[in-house]
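One chain, chain A, appears in both complexes that follow, with chain B as partner in the first and chain C in the second.
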Partner chain A sequence: MKPEGKKRIWAEYQKEIPDDHFFYVRSCIRQTFFAGSEQYFLKILREDLGKDVYEDPRHTTCTGIGYHGDVVPFETIQTVVARHFALATEAGYRHIAISCVTSFGIYSEILETWKHFPETLERTREDLYKATGRTFEVPETISHTSDIIYKFREEIARKAKYNLVDAATGKPLKVVEHIGCHYSKMFPKYGVGGAEFPHVLVGMVESWGGDIIDYPERRHCCGFGFRQYLVQANRGYSLFASRKKFESMEPYRPDMIIANCPGCTMFMDRWQYTIKEIDGITYGAEGHGIPVLTYEEVAGLVLGYDPWELGLQYHNVQSLPLLRKMGIKADPERRFLDRDGSRLPEPANLIDG
Partner chain B sequence: MKTVPKHVLVAGGGVAGMEAAGALAEMGYRVTLVEKGDDPGGHLLQWHALFPDRRPADEVRSYLRKRAGHHNINIITRTTVEKVRHHPGGVRVTLSGGTEEEADAVIVATGFDLFDAHRKEEYGYGIYDNVITSVDLEAMFNRGRLEKADGTVPSRIGLIHCVGSRDEKVNNNHCSKVCCVTAVKQAIEVRQMLPSCEVFCFYMDMRMYGPYYEELYRESQEVHNVNFIRGKVSEASVNINNRLVIKVEDTLAGRPLKMELDIMVLMVGMEMAESGAKLAEASGFRQGINSFLESGDHHYGNNLSGIKGVFYAGTCTAPMNITDTISHARAAVAETVRYLKA
Partner chain C sequence: MEDLYSRLMQDVRFEEGLKACMNCGICTAICPAAEYYHYDPRRIVDLVQTRNNNIIKELLKSETIWYCGQCMSCKTRCPRGNTPGMVIMALRKLSQELGYFTSSEKGRQQFAIKRTVGDNVLKHGYCIVSYDVDPEVHPEQGPAWEHYYNHLDASLARLGGELNGSEGPTRLIPGEVLDELKRIFEVTGGHDLYDAIEDASEKKAEEMGMEFKKEGRDFEYYRHVVSADSGCHQCEPEDVRREVYETRR
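Presenting the complex of A and B:
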């Protein structure tokens, strides 16, 4: 492997990521799947990095799941996204920070459509005005929130309490990175590092001391694929896609997977539970599962935040072996305690629980 | 009374340029041959053996060197032709560095650039140790050693056709014509050099258009046991043993295929030369949708530029093999002489 070859590609796919003043658009599903990720994105940006991030409670779903499920027409989703732009315009923000990879793909697709077919932009303006009386400016930039953490990865590294290294041996952790298909596979220029050798998560991991694993099925989809999962009869495809990845990464004995897409993080975590239940197989070292973390969770661990505040206990694959390896002291007994000390319901059949 | 011989400037010192310059010089014309590299010879300088008969490339190089060594030819190297423009007295030529030359006619023979394999990012050229191009393989043949990056002998090699050709993703819809037969030639050479090494060619169509090409294709299968799989490789990666893993759809068997390789050879195609494109833009030459120079007429005016006194020769107009390039250069000379004598 020639690192200079990857650097050459990364240099070709650099996008403008603003330094400050973000209009934040949340994901429909992330707060349910990974309870702390969005909260800690805001906390890291605002408190650790001193950035201005604005949220508007009137922001809604982008309707991306309906769009990809063929129940929301393109004209409708353009108008919904235009309404988000109108909210940003009204608040005086020109840089959109998008939490969800599906939404990010939707926003990219719409902006590209408007660029190449300006009449669709005019039609959308008309539709939005008729429906809501609102007008909007096309934003100057759109960034996925992983782009923003990537941009500030060195600042985070400078504030690090822990690094992605084995505390006992000092060796870098072995990390699998996985980008969502809709992050850059549709429009490589919108992703840091493009689609074939994306740099957005690699950059974070390397800045925080870890080593990236390049395994044969690195580019393969996690299997979420809306119609594969939303149509119950197709879920076998989804499971098989994740399994293919696990089998391919297993020989490298990864310490964790870092992902930037809600679907990927969720499915690569939950399917490990399913495979263990069906076949009794796990893919990590010494019979463990492989924890699947969001980039905010990883950033939060590096910055020294409490793993249980970050919400790591709400993954099927528990991170206790990973935390021990990093030298993070976290009491497993506190995982399912509420803030007042009362005990929360504990999920059954956790891996490495 | 002795007349001063007319002066023809030839832009480009590859196969077409050397042949054209030699033919004109032989007829008594004064020729200036302008070459951007250190020496004339073009891409042929990198080649070890030629299809279809695997004759040593040096034989053709020697022929061309002799052609270009004529005493009527003045060779200027490390120089490009930046612009040509016709005027009533002839053709004014601007060279790199700003110097100007006057000529009675100009033959444009700026040739082609090899497709930059880095642009097919999914193949990992420049990233994975054992992904090489057809030119890199030819260099190995020249060195007489065919080995992996770690110095070990490969046991399976795959040759990937149409890299940068017939590919909308890189904005090249054209066929480069010579890559199929080059792959067959190189596959045979690999089998002869390393009889225990398996060789697979991954192709879209086998375009064996030239004389003896089809025979070579048959020989590769019947005598040398080269395997041909109809399907385009979608991506390459490496496994934990640093062995390449490729994914391809076998379109004849109708199923996806995953295969490990020791070396993957990318059969890089031809693109309009960057220097030729700049010259075209500065001089007002038309370029076709394939970016190569568009001649006055596809059928009977293939060497005509549309500008008086300026003619085209060789692969600046389209991908072609050496045989056709030499014929095209001779046709350009015929058109030039007809113009000069008119």
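Presenting the complex of A and C:
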């Protein structure tokens, strides 16, 4: 094939990710379960990479879990997101950086809806003005925060204190990457590599020295399923989907799972604990669990930040074997500390604790 | 009876999600819900395409429309660019607007989602708040979360956050911002949907002879809808099948 043809075909799998000046919106799930990840995303962007990231504390939930739980109408979520655009407009920002994959899917859906049904954009403008007196510009770009770390992955690699390699043997770590469904399954053009070749986490892992595991259920959903987890009676659905993934990846003996969706990170960690409690089964090498890390946590480890300030101790599957393998010295006794720095009693039954 | 297909067509997600299905079934092949439940998105789209009011009404009252987990894997794979997951979203919204959702065990669960996530949005400005994820109710969250939850201030401080602080993760959303959210809900129909879920659920609780309260979660009907499981969700949905057979005969 001629190079121009190749270029044209691959163009639709590429994505424009801005270089600087981001308006940051948080995630209900990430800030609740992985608060350290959000803080270290900001720290890495601002301090390590020297970027301008603005956060307006008046931004709220996008209502996305309510929307996909079917209790929030589409018109409502469009207007809540439009309010975030209004805050960005007021602050002079045109590039939105979105922490949550559910939110990212919703922002993508809304922008596409406004293109295909221009009357919905006009109605949203009217609704927002009527409700709040605010007006907004449609942003120039939306990026998931994993897109932004992906964009700067080589700069992070150049500053690396540790790589994703076995410090004793020099061999690459074996990494499972899991992309949240709403990152690009719905609107492929908004994701790096689209839905067919999602490269956002692969790029990070390879730049930082690791090897990616390709396994049969690589693109299967983690099983969140919104109402399927939110309602107690339905949780078997969620567990069933995660278990299918674990059983599929197990033969490849992964050292870790990296995920870009906070929900997926949480479920794949929580369900490993549940399966161990119910059936006594773990899926990692030598009877270990498989630690599930956010991409911010992985970037933080690569840059040499303290694993306990990143929050790795708040995962059910502890990362001590992984840290040892990477050659990171981390004192397990400093994991659980009170505000005054004194040690708190350690939780029982952590995996690899 | 009102033309339900026309009502569905008023939802842009329905218009966008169902162009012309050729019933290839790839959506069902890729669907995680179809692996777990007796669920077939191809069949739902097929039923909706009949435009038959009775069939659509039965769907709105059925268990089957509540099995989808909205992963939207169907959107990626459909060769016609349809999105059965979006058709489901439109069906669920109409089911709640018309009060039909209380006819099914899975549909009745919408009341629990409204009382948790729905109420959190307007009370706190977030869908999920840490102090609401009680380890007693969420044993699957495990020991790491239980520790975090029991030492919330210390844990958050360690990670650079402050519960109900002025900025950062889990900051307090001020009253004037919550007022903006409430006005958005008023203007865009968010409150109307909440009210429809509440009203139909209260009526259903009365019909089932169960205690119901206007607020909170500590009462019989709430406890019932979050935990009830007939064990029949892997069974064929008889009601819808009957309608299809009768229509085609």
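Note that in this section the second predicted complex is superposed on the first by the 334 of 353 C-alpha atoms of A that agree within 3 Å, B and C clash if a C-alpha of one lies under 4 Å from a C-alpha of the other, contacts with A are read in each partner's own complex, and residues count from 1 in each chain.
The rule is simple: a contact is a pair of C-beta atoms (placed from the backbone, for glycine too) under 8 Å apart; a residue touches a chain by one contact, two chains touch by 3 or more.
Keep in mind that what you see is a predicted model, and the values were worked out from it rather than measured.
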| item | value |
| --- | --- |
| Partner chain in contact with A:33 - chain B first, chain C second, else both or neither | second |
| Partner chain(s) touched by A:80 [first = chain B, second = chain C, both, neither] | second |
| Partner chain in contact with A:8 - chain B first, chain C second, else both or neither | first |
| Which superposed partner A:252 touches (first chain B, second chain C, both, neither) | first |
| Partner chain in contact with A:168 - chain B first, chain C second, else both or neither | neither |
| Touching partner for A:225 - first (chain B), second (chain C), both, neither | second |
| More chain A residues in contact - chain B or chain C | C |
| Chain B versus chain C as contact partner of A:68, first or second or both or neither | second |
| Doubly contacted chain A residues - partners chain C and chain B | 195, 219 |
| Chain A - residues contacting chain B, complex | 1-2, 4-6, 8-9, 194-197, 214-219, 251-252 |
| List of chain B residues in touch with chain A within their complex | 118, 121-122, 124-129, 235, 237-240, 242, 245 |
| Chain A-touching residues of chain C, taken from the complex the two chains share | 11-13, 16, 32-33, 35-37, 66, 69-73, 75-76, 83, 89, 92-93, 96, 106, 109-110, 112-114, 116-118, 121, 125-130, 133, 137, 140-148, 151, 153-161, 166-171, 173-174, 177, 180-181, 183-190, 193-194, 197, 225-229 |
| Residues of chain A that touch chain C when the two form their complex | 26, 28-33, 35-36, 38-39, 55, 57-58, 60-61, 63-66, 68-76, 78-80, 83, 105, 113, 116-117, 120, 127-128, 130-132, 181-182, 185-186, 188, 195, 219-221, 223-228, 230-237, 239-241, 244, 269-271, 273-274, 308-311, 313-316, 336-339, 344, 346-350 |
